[in-house]
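Data block below; observations after.
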Amino acid sequence: MIDFGFTLSKSSTVDLNKVDRSRYDQLVKLVPTARMCMNCGSCGATCTVSEYKGMSVRKVLTGIQRGEDVRPMLSSCMLCGKCTMVCPRGINTRNLVLTLCKIYD
Amino acid sequence: MIDRIPSGFHPFVIPFLIGMAFVLLYCFGAMIRVLYELSWQDRKKFFLSLLNPKILLKDIKDIFLNCLIHVPLWKRNKLFGYMHSSIAFGWFMIILLGHIEVLLFVPGRINLFYYPIFFNYFVAEDDVTLRGSLLFFLMDFFLLMIMSGIALAMARRVKNYMFGVKRMARPTFLNVVGLYSLWAIFPLRWLAESFTAHISGGSFLTIPANWLFRQFLGNELYMLPTWWAYSIALCVFMCVLPFTRYMHIPAEMLLIPMRNAGLKVRSSRKGFARVEFFSCPNCGVCIDACPMTVDNGNVKDCTVYLTRQLRRGNEERIQEISDKCLLCGKCEALCQVGVEGPGLRILERARRDYTVPFNYPAADKSVDKNHKVLYFAGCMTHLTPSIGRNITELLRKANIDFTWLDQQGGLCCGRPMFTAGRIAEAKAIVANMEKLILESGCDTLLVSCPICYKMFREQYNLPGVEIVNYIPFINNLINTGRIKVEKSDICYVYHDPCELGRGCGMYDEPRKLLGRSAGIAEAQQNREESICCGGSLGSLSLDFAQRENMTKAALDNLYTSNADAIATACPLCQATFARYADRPVKDIAEIVNQQVI
Amino acid sequence: MIYEGKQKIWSDYQKEIPDDHWYYVRSCIRQNFFPASERMFTEITQKVLGKDVYETPYHTTCGGIAYHCDTIPQETVMTIVARQFALMTEAGYENYCPSCITSFGNYAETLETWREFPELEAKIRENLWKACKREFNKPKYLAHSSDLIYHWREEIRKRAKHLLINQETGEPLRIVEHIGCHYSKMFPHKGVGGAEYPYVLAGMVESWGGQVIDYPERRHCCGYGFRQYHAKANRGYSLSNTHKKFESMEPYKPDAIITNCPGCPYFLDRWQYVIAEQTGKTYGENGYGIPVFTYEEIAGLVLGYDPWDLGLQLHQVAVEPLLKKMGVEYDPKAKYLGLNKEDIMRPEMPNSIKCC
Amino acid sequence: MKENVVIIGGGVAGLEAAKNLHRLGYQTFLVEKNKKLGGHVATWHKLFPDMASTKAIIKEMVEDIKDVTVFLDTQVKTIESAHGGYQIAFSNGVNVHAKAVLVASGFELFEAAKKEEYGYGIYDHVITNADLEAWMNGNKDKRIPASPKAIGFVHCVGSRDLKAGNSQCSKVCCMTAIKQAIEMKERFPNAEVYCFYMDLRLFGKKYEDFYINAQRDFGIHFVRGRVSEVSETIDGHLQVKAEDTLIGRPLKVQLDMLVLMAGMVANNQIKPIVEQAKLEIDSDGFLKSSDNITHIIESGRDGIFYAGACTGTKTVPETVAEARAAALAIHDYISGL
């Protein structure tokens, strides 16, 4: 291969037809309230560890639907439950995190 | 009394012998298995305890009081207590007296296992003695006692509420078989003894029955079939016993010495835990105790069903039941045999495999050093900031040299991780926190959240640091005159938070503190019977919507006090109650701070 | 795809194109990339169609590349544009026809800016006077040279020697049309057919017997994008853009690509080679690429010009497969003979893409 | 019989006002340019939030005005101020002198083809909200596949779009999209349904509940980002591009059909009336009310009143309420109050 000094750049586009959303589908079966997120961001704002790891349940939820690796966020969760307390839609955020921590292989 | 049957045998005893042999072998096998499953330290501890006369005596006393007299049930409801002790104690007495009879009258037969059970068939009354009459009287007396208990048990199927228990666990098929065979044993024994009474003699229950039957039945024909039926009923009961709730009878006799030996559950499935879940008598006290069963919801997620599913090994249901529980601890507090519902569930949760590892987000927190008191508010308190504000104001008023450990948040005590069953992960959090606290150089760690407080008390190793809850701390400030409070004329009902009351056994201190600054009323269910607010972090799977009725039921209980407002000592209880309460919900710190003069 | 829907849009985006008397200005880079194309434009318009198309050697760059690379301010580029208009005015023309799409966009943008801000125009007039003592009239009509070929497409069709029809199958050739971004994306009404479904090249293809391919990434830039290409660190983006287009058009099995911008044919052509070298993938049949043409080259082929006179030997992707399909006769041996029939030497053959 | 009142427009506003003015005893003339009464509402299938049948609603409203003089297929030719009222000539040759005129001319649906990048009228499976309602009303539409696997809804088509000439929010499209998304999901439970939105403006009673249902019970996907372009793929699917603004990455998805939520724009067909009666047009292109808080139904010209979407985007209940208010205002005006 000739070295041109540049190569094809990786596309940042999310192709929903190619994104594997099976983890999300599995999640909403086990934690039905996960579907109810309206992306208000309260969870991330109150999160005890968001300042270190950018954890936000909102980002986790959109991320797994867009094929992003949300494990770094999940692995930082201490399950303190503040997000559950502030979520206006009553999403069971702790169960959501724990369930995702089991779903990933 | 003389032997009526020279061989001392009749085939009808065979069913009984089969049943007896089966149940004894089964229980022996189960005991060996449990002992094998114990860790060697626990096993050693257990055997040593049996050699310790003090513990042994306690074992015997506890078994007698719990298994035969059912003292805890008497405390709960007299009728319920009588029902159980009449059957258990009465049966025990009949067996005991049966042996005495054999020893007294036909001592040569004592080696025959079945003799005391079927004594009246095998003997003939040759002369009436006072000794014999007394024994016969006692036999009939205890038989009557048992049958009264069984009559109550039957009545309970209809009028449950009279027994102080509203709901029972749905019986399984084998439980029903066991129940009916148990109910059948004693009337059959009475019939059999009655048909034989003109030969073997009897007392006030059997003689008149014998006379009555003879009037229109003629006894000879019915004698043998009833003895057969009696034996078969015994056989059936004993054969199904290992697979029914009646397994609690032998299991509890192992549980009590094990607990007295100081054993703890280390796994949710093996060893001591196995004894524990076999000891569950399915009485249903935990169903009424459980805050989740409001409006008859979630009944099948109570501890009685946990023990049942653990016995069955139904993994899916075990997981569901373990995840749903609020871990409020009320079932354990009220359980007659001490099944550790929350503890078993946490251990059950600890069995899960998490493929995403926990990566402790190392907090770059630093603490202001060299203050005597370090105040830790906890995550939840950051959502109810008035608690933190009132406590720090009180500390300032009392001129306490303190600093805040988590003023900016970002620190968790690890309790939620712990209750989620991620023990190693919780320990990572604990280790980091311990380091931070010890580095601060404080001598007192003041904690206002009971959830954190329980964690600090039980899982932290902080040499030289006294861990205090803010309630006794403030009480002490008043005792030592550092702050003075006056009483307001508002009347509060104090809600015992699960983690502070049942969790840490603190019931009187909060009432004392609240009483110094306001009026106090008590709710119908309080102290160890306090109802969880429903907001508990203990539950993993309960959704927000499912908790609403639990909170409302807990509030209804508090409203029975007719107090003006609700006082509590937990930020989570406060936030949860405030969502639906029709009157103010305040933390004790806030109430006290307002009354400082 | 509903063709009538497109026709309706095309009818909404028609522009007036005078039939004669054009002042023609060449592109800076086309003369190097595809030198025969502009030569062919004058040949076709002047010789074949007999139109008055005037050129002057005093014409310079319009400043577009420098402008889009953020190296000169707009006022400077406007003053350059004003000088071009002055040359046109001096030559006695009022219809302005640039060969370059960026120039076309640049002129359109300048004229629109002056329309919105007349004071700016006054200032530019003053600048121009100060700089070179010239005055100018704004062109009455502005059309890109592809607009003119589009305008005269039927006249070319009448003189056609070859059509865009596969001679073996009789089927229309499948042609991807690619419009330069600056043609109508800035001012949809300045381009024939607008910005979403431009008709300028599609009209030629249809008129000359071919079939236009509408593929999902038709709107996408060829990958040149000035800043993307000129800074080597960004060249991967340039390449990726082109790659994206080819991936999108691949299922349609296009026979050729027709373009109207200086950069587009170059990048669509050359990057096919780079993509092939880097990924091993080619988009044409049998290991060839998809040949890429300027509209003048296609017009030249249709009119029966010799492919090597059209400069097709300068293409990276071999054009021979298309020539065969169209039935254009050519002498393979003459491919690398220059104007004076002297050998201009053969390029090194690439590894991954077949180039005859 | 009291004075004449002319109502221009036979949609829900005109119908409701006609009923009330007739009951108040006025000789009411209702003119409608179409051959049928009911306006846009009559072309719809069901109305949120009760999922009420429009057929039933319009039927009831039309029955209520059976004694009102209705001119269908008729337009106002001229209107001029005369004798303390207006002399109005209709295209059917009738002349009426009206004491008061109620303009209830409503809105026009944004012409979705103007958003060329969405390919309405060009791609095989792109339809509008109105097309979908017509289909649900039983009209055949070959653009709607027999069993779509993926359906998209594009919010704000022509609304909140300065380049399309409309800065206003059309108010009802978010809710309509959610309603239609649910209706499609009910018909095609296996289809993935996507709503592409910029903001979800669910201000009305029970609207948010619809949103929650759509997410929780129907699993409809909401993607925050405006669709930038639509293309057709070789196999006839629609490739839709948007930015997922919540993760800040471009996003594309292939759909089997796309529904464009065409918004409400000012009705230009009343321009002649506006000019002749010297009415004012507001900066948003809709008729200008005396003010937009307490006098929204007043034109600022004696005897001319407004009701409904002619003054701006409105929901059906808002329109009906305005129509009643306008009837009363006309009554007060004629009574000299």
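Letters A, B, C and D mark the chains as written, and numbering starts fresh at 1 in each.
We adopt the following convention: a residue touches a chain if its C-beta (ideal position, glycine included) is under 8 Å from a C-beta of that chain, and two chains touch if they have at least 3 such contacts.
Note that this is a predicted model, so its numbers are computed, not measured.
Visitor: Specify the chain pair with the maximum number of C-beta contact pairs.
Guide: The largest set of C-beta contacts joins the chains A-B.
Visitor: From the centre of chain C, which other chain's Cα mean sits the farthest off?
Guide: Comparing chain centres, B lies farthest from chain C.
Visitor: Compute per-chain Cα centres, compare each with the mean of all protein Cα atoms, and return the closest chain.
Guide: A
Visitor: Report the inter-chain centroid distance for chain B and chain D in whole angstrom, where each centroid is the mean of the CA atoms.
Guide: The mean C-alpha positions of chain B and chain D differ by 65 Å.
Visitor: In whole angstrom, what separates the CA-based centres of chain A and chain C?
Guide: Those two chain centres are 46 Å apart.
Visitor: How many angstrom lie between the CA centroids of chain B and chain C, rounded to a whole number?
Guide: Those two chain centres are 86 Å apart.
Visitor: List the centre-to-centre spacing of chain A and chain B in whole Å, with centres computed as mean CA coordinates.
Guide: Those two chain centres are 40 Å apart.
Visitor: Name the touching chain pairs, would you?
Guide: Chain-chain contacts present: A-B, A-C, A-D, C-D.
Visitor: What part of chain B is in contact with chain A in the complex they form?
Guide: Listed in rising order, the residues of chain B that touch chain A are 323, 352-364, 379-380, 382-383, 409-412, 414, 416-417, 420, 422, 429, 535, 537, 540-545, 572, 575.
Visitor: Looking at the complex, which residues from chain D come into contact with chain C?
Guide: The contact residues of chain D facing chain C are 113, 116-117, 119-124, 229, 231-234, 239.
Visitor: Please give the residue numbers of chain C that touch chain D in the complex, ascending.
Guide: Its residues touching chain D are 1-2, 5-6, 8-9, 194-197, 214-219, 251-252.
Visitor: Note which residues of chain A are touching chain C in the complex, please.
Guide: Going through chain A, the ones touching chain C are 1-2, 4-9, 11.
Visitor: Chain B touches which residues of chain A in the complex?
Guide: Interface residues on chain A, with respect to chain B: 31-33, 46, 48-49, 51-53, 55, 71-72, 74-82, 84-87, 90-92, 94-95, 98, 100-105.
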